[in-house]
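Letters A, B, C and D mark the chains as written, and numbering starts fresh at 1 in each.
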């Protein structure tokens, strides 16, 4: 037995790099999918049958802006118009909130920029009573469920009218009435919690499915494995989504995994797995509707990689110019989700530039009115805040003696 | 918005069951692999090329006891004889230790029964200086590296001569000189630690690879995902094994995952993945040697499902008659690893029943001599134990004041 | 009343809860068909069905997060963690998620999960089958922490824990499953004939947040939980000092009135636990009692605890607080 | 000596360590190319190469276990956990594995990992970007726990932590990265001109296990760490009471001699931390001091801490111990 170890011929371990850095020219040569690529599948298919769907990309909106292929959901024009409106509303809302953040009226903000289609199309494909269990990049689901913008803004400000009483950072929405479960900062924790939610629905015999999302970066957490695996074992009615926007703050998805993609991760768990164009409203709607039908019929979970590109900064604290080319998102072959749906509507003849501008104008006014109302209840720079007593309530169902003593000590 | 949720047509979530329970007749219809099934692959292959290897089964020893197929490692007779001797030694050692446990000389024991080939063939396929990072079901690696049985027994007893000073439960071996890393009770924790060990070897430029194992049950832990994923990203020289012996205490592998098997899990991480007959010494040797060559040449990790059947109880605390048919392991189509290698040697003409009996006899005497020596240093029923002062040392590099105070308080 | 050991008492609590409330489920590693490695759920799957009593994958983090989700959606899950040492992969889900969801959601979402887990030493389990990690949960607002010690309070406290709308970490002293333990490993006793082995069969509660005064005395207050309650009983007898022995039962929120009035009466206090001393829950008890009883104290509050070392295997009887160490500490409070 | 803020001082420590010891590596989420969300490792990848300074997958449990393995095999890894709130997925690896491997292996294997992590509140981070989880590590034998408070001790203590052959959890008070914080969010200051912003450039150590006496006085001992050191300084001035102010620096093992001799001198003690009161490290300090200084104490040892609630967002200034609460407590120790 000796402790001497010979020197290796091999190089040290590999440290992957991002495909491009500030100053580089972004390019996405792997993008070569069309709406005709992939067949529709029966909702009771098994995971092996989805092999090509996990490695390909479900698209519906072609490069010519027309809807085609077997996955075309063929939804009515009103629903599509509504989808466009929700997406526009989210983008305009986000922009306004960023401005409020820059002026100190909010502490922090995170936009869904470039990813507006995801939560909106997917939530629209569900029933109103289905459970939405989001990360911070899916606030858009609330518009679909009809949440009042003032209420959302009150939360982001953390003012007296915030339904979570100023306890959480902005964008950590909670809305039980809308079956929208509270967003938590530690990334990924919701993934297997959502499986538990879905199991409870099934246990109670309710026709209620659950959808949840996490990011490409977050898929490295143990929670991702727990979610896939518990869903694999118990087969509850759930849709498990990985939003691959190719960045986790500054870290490129090349460092999230060395594998070929995220969708295929579901296959060895025996879960049908799909990759979908995350900037294609119709494709997102279609696969989600399919997965809902599957879950509702008792065939169990579906795993979806939503393939997109984070168009903006990670958050108001982030400066992406330090780690990626400026405006790299403009080179993304998937384009912009709002532009693509709008162009489709125009190409199909049920939308015009004029109508579009009028809609933008109307939403803008609504958002302005909402923020004026919300800030009238207080903003972070000027208050008023929720009273300090809110620190002590709802730690437990009732306030225990030690927390009560502390509340008295604070004397507020 | 309403809180009323319609009732589902679907059944509640699925709770899988074990294929057979006490009183049932065990059967394994899925076993239909032969040594001719799978081609050998270049060591720089990528994960997609291993698809059929992940879903098939690498075998070398055919039903006629002859070695065949492209994976035949063609190792010399002396090496094979050594392998048989190590396996026999482990089985006889285990049986003896169980007896000591039953008489209270040890607190607890875990056998490798039916899985002797795994750690032994795999460690023999490595270099002496490679790192072995086992779970409690791979103590056999120590025989390959030449550890003295008395020393192993001293540990299991936890007597004064135990190199870990009676601090750990039996079977939690540590042996740095043999490049055998300390076994820990929390299952799975070693998996990504092993990736770190391998990265350190690569960083130092040493031609030293690392092998690690965890069980089918344990693959549900986050650590399994971390190990595969960190290996996927950094591609260090490591062999990541899942020993699928189909049970985690009483829990059948059907409840470990709903997926088709364990080997295929590695594919979406971009790691070449193989399933190997865990009771086939030559097949284990072969795939491990292949993976070592691959790692050593700088091509990165390999993932291996070792397909076997837990022949005995989980541990000395377990009573499998409560949850599975008696002697179900006798129906396992993979047979017994020792019998299979012995039959192969006899079939090839370099071993006889007489030689075999003589070998068993010799090992038995060695084991008896060893346990007599080991118990002469103390056993759990009668002591002596390591001094109580060993509680306080090696908590830190030097004993801090508060631990020193406590040691003085104990006054031993 | 039926004589039960602690295993039977815990099983009886679960059985009763499941009978009364269809939203109660229980699961964990080996909990289903097999009935748990400590047999707590034996027979419950057969009785209540595989959708209410089932095995899980071997992943405590997954068990906890699934339980949280079920709790968010109206169920009342009871999750078994096979050994308390293995609760740490679930630590993030418990302290960052389960504990905080009521507060962070403004009360819209709650999750009344109960984690049952066998804790403590005395079964030669070494580093990783012997720990008592209660203190690591007492620092997290939003969690209640309960530690039973007898069949009677095992059933009563578990029932109250599961019915409580807050998440509860419920520790079971595995050394006492089959009998109280008085500190001598060569003299093991069963629950047979012990007054607290008489347990009501059906619905039965002991309120949380209440301590149990096991013995009453005048000259020292001894505070303990789990296995240590029995060892302290023996040690008090050995010491010859007249003591209040308080079984804390609920650690968070603990029973201020019982503890404070006892220490004000006796003027002396010894706190005993198996976990390491530094930042054990004894530290909190000592600090709080000192703050509240300073002018009544006749001698320093003393802690008798496990050492600040990992839990050893063969030498465990030199680790676990012994009757000698405890009675010495009790006598030590009497001289000033 | 060069004037540095705490970020620069930490970077300087890492740079110096990497220059001197090829076995020192550092990694974590966004640590490589980008240089960390708090910029601590900015420029280090370019200087020392991508095999020594690199990004990891977003998995704290994976970061910790990989670090442990590297440590077992001769390296000296420094792992960044982006926020202390996110250390919990790594809790099992830290408390069950990293902390215990030296003991459980009979000293054959050790792993000298250092975890650096920004902790504490004051940046409007809400529940999950504000916690101070130091107490949750102080209960685990085998770990050392360090908390810096100034650029000078940030560099000196980090150097000693990385060089230490035991695993260290190293907390950085993120509120103080750019300047000391005296309790008034409307008056933020930078490190410019602060005496402890003068930091030696090359090799520089402050020994572990030693506290720093920041102010000397006669009538009360104030013990704090991290951001609270600066708030206490202000509070002491406000109180008009002559105090020893002790910056504990190393929490485990803490500096017994400095603390005990101070409390014996002053007869009074206030302990201040941001973390919740129950089972915070203040409990351990209070219990230990009481045990050692009982007959010198003139008034109860008092704790001023965060509340036993999750950390709130908009109302965080009502959560973090304020100069008012601290100076009131200090004055409170003077009346008896």
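The definition used in the following text is that a contact is a pair of C-beta atoms (placed from the backbone, for glycine too) under 8 Å apart; a residue touches a chain by one contact, two chains touch by 3 or more.
What you are looking at is a predicted structure, and each value in this text was computed from that prediction instead of being measured.
Of all chains, the one whose Cα centroid sits at the greatest distance from that of chain C is A. Per-pair counts of C-beta contacts peak for the chains A-B. Our note on geometry: chain B versus chain D, Cα centroid distance of 41 Å, whole angstroms. With centres defined as mean CA coordinates, chain D is found 31 Å away from chain C. For this pair, chain A with chain D, the centres built from the Cα atoms lie 35 Å apart. Residues of chain A found to touch two or more other chains are 12-13, 15, 162, 167-168, 172, 184, 186, 198-199, 201, 203, 220-223, 225-226, 229, 233, 255-257, 395, 402-403. Residue positions of chain D touching 2 or more other chains, listed in rising order: 51, 56-57, 59, 61-62, 85, 88-89, 92, 96, 100, 103-104, 127-128, 141-142, 278, 307-310. Residue ranges of chain C in contact with chain D, taken from their complex: 61, 85, 88-89, 91-92, 95-96, 99-100, 103-104, 127-128, 135-136, 138-142, 252, 275-276, 278-284, 286-288, 290-291, 294, 297, 299-303, 307-310.
Chain B makes touch with chain A in their complex at residues 1-16, 47-48, 128-129, 145-146, 177-178, 198-199, 201-203, 205-208, 220-226, 229, 231-237, 255-262, 264-265, 267-271, 295-298, 300. Chain B meets chain C in the complex at residues 12-13, 15, 17-18, 21, 107-108, 158-159, 162, 166-169, 172, 184-187, 217-218, 220-222, 248-251, 255-257, 317, 322-323, 380, 385-388, 390-392, 395, 402-403, 406-407, 409-410, 412. Listed in rising order, the residues of chain D touching chain A in the complex are 29-30, 32-34, 37, 50-51, 54-59, 61-62, 85-86, 88-89, 124-129, 277-278, 307-310, 312-315, 318-319, 325. Chain contact summary for the complex, chain B toward chain D: residues 131, 133, 162-165, 167-168, 172, 174-176, 181-182, 184, 186, 189, 191-201, 203-204, 222-223, 225-227, 229-230, 233, 393-397, 400-403.
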